[in-house]
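Order of writing sets the chain letters: A, B, C and D. Residues in each chain are counted from 1.
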Amino acid sequence: MSSRLVKISLPIWLTSIFGVLMIIEFFFPMPAEITATNTTLRSFVLIVSAAALILGTVILTIAHVRRISTRKPEWYYSIIYLIAFATTAVLGLSSVRETNFLWIYNNMTSPIGAALYSLTAFYITSAAYRVFRARNWNAAVLLITGFIVLMMLIPVGAAIFPPVVPIGEWIRSFPSSAGFRGMIIGTSLGTVGLGVRIYTGRQKEHLGIREERKEVS
Amino acid sequence: MSIVKKILDLDQRVIYLILFVLLAYPILNPVILPMAIQDYSKQAFNFADSIPDGSVVLIEGGNSAATHPQCGPGLTANIYHLLTKNCKLVFFSIGAEQAFWTNREIQDAINKLPAGVPAENGVNWVHLGYISGGESGVAALAANIRSAISKDYYGTLIDDLPLMKDINDAKAFSAVFWWGGSEGSIPYGVRQLVGPYNLPMSGSCTTNEVPNYSPYISSGQMKGIFGGVRGSAEYEYLLRVPGPALGQAMATNFGGLFWLVLVVVGNVLYFIQRGRGEK
Amino acid sequence: MALIIAGRMLALVALLIIVAAILFYMQRAFSGKIPSLRRLSAVDVIAEILGRCVEMGKPAWYLFGSVDMTTPSILAPTVAAFQTLAYTARMAARLGAKFFVPVNQGLAYTMANDIVQEAYRAEGKPEAFDPLGTVMYLPSGADRMYIINHMWEEQVAGAFFLGSWYHEAVIYTENAARVGALMLGGTDTTHNIPFLVAICDYSVIGEELYALGAYVSQDPTQSSSLAGQDIGKYFAIILILIGAILATAGASIIWLFKM
Amino acid sequence: MMDMAWLGLVIGSFVSIGAYTVLIGDNPISKVTEHLYTGILGGYILAMNWDFIMRNAITKIQGGQSIYIISLIVSLMLVTRLKPEWLWISRYPVALTVGIGMGLAIRASVLSDFLAQVQATLLPINNINNIVMIIGSITAITYFLFTAKYEGPYRYINQTGRLFLLAAFGVTYGQTASFRFELVIGRLVDMLKPEVAMYTYGFLVVVAVLLFYGYSTKKIPWYKGR
């Protein structure tokens, strides 16, 4: 019984207590001790999250080492990983303001990151060619609004067909905002619903808890 | 398999390659397509154009490394524009990094100037450099330049600069250009220069900040504004001096047009295929 | 000292109404009164995608997008996606589909790892779970290259894109589509839902992402809570209608929001 | 001495080309870039988070705020997972994170999503724009109703809501597309700067030759796109 308490019940209870602390603090004026506790708790989350990232990196490195030692297919790429990892980690652990560490970040990580981010332009274009076909009414709405707005936003678009600007602006300000408004209101209700399910202990998958559900009586 | 189907099932890598070429080409050789000018840019350009030849103009250079690629070409075009009108320019920045980039933009403009246009430091233009103190620094500069700063960006004493001989406060200027970049400093200019001294002002900021300042334009406190890279490109276009911003805007054009053409072609072929009853 | 912080009175009232409605329906479920819900087609799609992967002998991927457990607006959809992951992983284990879950944040990685491991254990196939390979941590950012490369290399046949999606949405979905995967996508971020809806074969939008977990849970109290959320929607609609009619008549109820 | 800024531009250009090869599909050059990038980012994340913990936990403990020892203990609870019987211990850090995160998400979404959006819709019904706004918002909300059966008048309301949602999605699609072209252009501008352009072209040629050789001799598998 006690094992169930510490393994299952207590984590769920703690989840609810922390959550309710955050919510009441938002609505009611609180004594300074509680606000201070809440601030400390939130900084704990950041520390735990940082620790988890370190753990993840270590496990990833172990996976690469194992790939090399067991000579899995394409193991040689892992050597590149290890060299890059070791160099950056050693430089960075000595100091995060180390010049070479920052140089590597600014001249290798940022350009690759920017290049990968910009890949979206290519995929957006090829996806548009493949899926933007007026197969039915729904697809046609997506296609036409997307077409008008892009045309409005590129400098030459308004020069080719000036009315596109007022039309595009209207679509952007009214039908589009209205659609997103419904979606956002729905999402906020979804968040509250999820919170209630978690805090009442009905939903506990995220804790890694699996229980064969007994039928509710 | 019919040709229509073949084009409809075009390998995505062909699309990527074409897009690459279309985006890179205008950067290397600006191809000028017609462009629709936004109202704010047109107003700002007309304001700059209406400044009488030979006036003394105050310019705040607020572009940093992050905003130089977008707004720097616009300031360069602005300097080019005013120098060709034989205006006398006084620059300052409210950040140390910004002072460096302003200097770079001044040099860019001077390198572009057609032969015969005078652009001598100290005579046609002065770069006062970094003025500390943010908004209060601007106020101090407006009230008395010599109390706010004694040497210019290059370390020359202000009193040794011929252009500064008769200039001692904001009353000496006939216009202000506030190239705020992402500093969010345009209100400083409105509050410290436009309000107390009744100077007409225009300027630039990043695209996302334009809506914040549109109230100033509708109230007349600002004469117009250039937003981001598109604003810079429009300045270059209106001035008929192609520069890096125009190249980038044209590349966006090419990318966008390619997207639009692909969608149109895709749909036309799709309906042809459907009309033929092919699957 | 005011009893309630200024400007938050209506928010508190709204929260209490919504929570009370949800709890009311959950309570009713205990006594066997279960509201009838419309079928969410995405529920059946999960089995379809996994079945296809088994048939083709190719892997199924479950991706979360940009995960950051320290940002509440990202945490919520991610936690919602975890519940669906529990169901999907279990079904994948049962059907024998090769399952892969890349995660780009440490804490989410440990959570996903526990969930999938638990699912395999529940189906009595713990040996099919590879502690280093089934769930994998990839540094945020680098995961983009890994995922594109491996999508082509492994020729994924099915992919789930649930959670909080940012610009990766179009990168992954378009690649998966070109590889030929059957996809289910859904997010609540307004900026990237268009790509998931346009490119994926099946999609869930906004609140449906949160509801999906409750649908697949086979727990009547959870699915009943969705009826409570509907009360929240009616509340919003009534508020809008009353406010609009009053505004037309020249009266404003904005003061209510400022309380 | 080599000019580090110039070298940075050249290296940046090379690795960008490596990253762009991923557009072709899986190939050795993109794999090399992938592992290089993962390695660098792994090292970077390790160092930055180590630094974060040092500054925000260890320094504070040394400064007498001993409560932060708890944060370290909770962090260590994550590590217990390496022994399967102790897996449950890592539920505590998860409980902390999810409890706090959901609490913050709920309180923010009720005020700044739910009510703020409702408030923005309280418009007088006197012109077409406001009518579109109100009808669009309401039908889009009803699109998400779970208890309504897809029949009768609700079918039409649901369809209308869906159209409004799709219009919103189309707008975002177009808007994002125009912005994303600027990203590629930004990267290309750096890669084609006069001082590095020659190296960019050179590397591009090398990559093209290598890939052509690989594909033509079938040493690299060519994946057919759908």
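In the analysis below, a contact is a pair of C-beta atoms (placed from the backbone, for glycine too) under 8 Å apart; a residue touches a chain by one contact, two chains touch by 3 or more.
The shown structure was predicted, so the numbers you read here are calculated from the model rather than taken from an experiment.
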Identifier of the chain whose CA centre is least distant from the whole-structure CA centre: D
Report back the single chain whose CA centre is most distant from the CA centre of chain C. B
Among all chain pairs, the one with the most C-beta contacts: A-D
Any idea how many Å lie between the Cα centroids of chain A and chain B? 35
So how far apart, in whole Å, are chain C and chain D when each is placed at the average of its C-alpha atoms? 16
Averaging C-alpha coordinates per chain, one finds the centres of chain A and chain D separated by a number of Å equal to 6
How many angstrom between the C-alpha centroids of chain C and chain B? 43
Residues touching two or more other chains, restricted to chain C: which are they? 8, 11, 15, 18, 69-70, 76, 79, 107, 110-111, 114, 117, 138-139, 141, 145, 174, 177-178, 190, 193-195, 197-198, 205-207, 211, 226, 229, 232-233, 236
Using the touch definition from the top, which residues of chain A touch two or more other chains? 23, 26-27, 45-46, 48-49, 51-55, 57, 60, 109, 112, 116-117, 119-122, 124-126, 128, 130, 132, 142-143, 146-147, 150-151, 153-154, 180, 183-187, 189, 191-192, 194-195, 198, 206-209
Of all residues in chain B, which are in touch with two or more distinct other chains? 12, 16, 19, 252, 255-256, 259
Examine which chains touch each other and state the graph shape they make (line, ring, star, complete, other). other
Pull out all the chain pairs that touch, please. A-B, A-C, A-D, B-D, C-D
The chain B residues in contact with chain A across the complex are 10, 12, 15-16, 19, 33-36, 230, 233-234, 249, 252-253, 255-260, 262-263, 266-267, 270-271
Contact set on chain D toward chain A in their complex: 4, 7-9, 11-13, 15-16, 18-20, 22-23, 31-53, 56-57, 67-68, 70-72, 74-76, 78-79, 87-88, 90-107, 109-111, 113-114, 117-118, 120-121, 129, 132-144, 161-178, 180-181, 183-184, 186-187, 190
In the complex, chain D touches chain B at residues 20, 23-25, 177-178, 181-182, 184-186, 188-189, 192, 225
Residue ranges of chain A in contact with chain D within the complex: 6-8, 11-12, 14-23, 26-27, 40-55, 57-58, 60-61, 74, 77-78, 80-93, 96, 101, 103-112, 114-122, 124-125, 128, 137-138, 141-154, 170-189, 191-192, 194-195, 198-199, 206-209
Chain A-facing residues of chain C, complex: 1-5, 8, 11-12, 15, 18-19, 22-23, 26, 29-30, 32, 69-70, 76, 79-80, 82-83, 85-86, 105-107, 109-111, 114-115, 117-119, 121-122, 132-133, 136-139, 141, 144-145, 167, 170-171, 173-175, 177-178, 188, 190, 193-195, 197-199, 205-207, 209-211, 213-214, 217-222, 225-226, 228-229, 232-233, 236
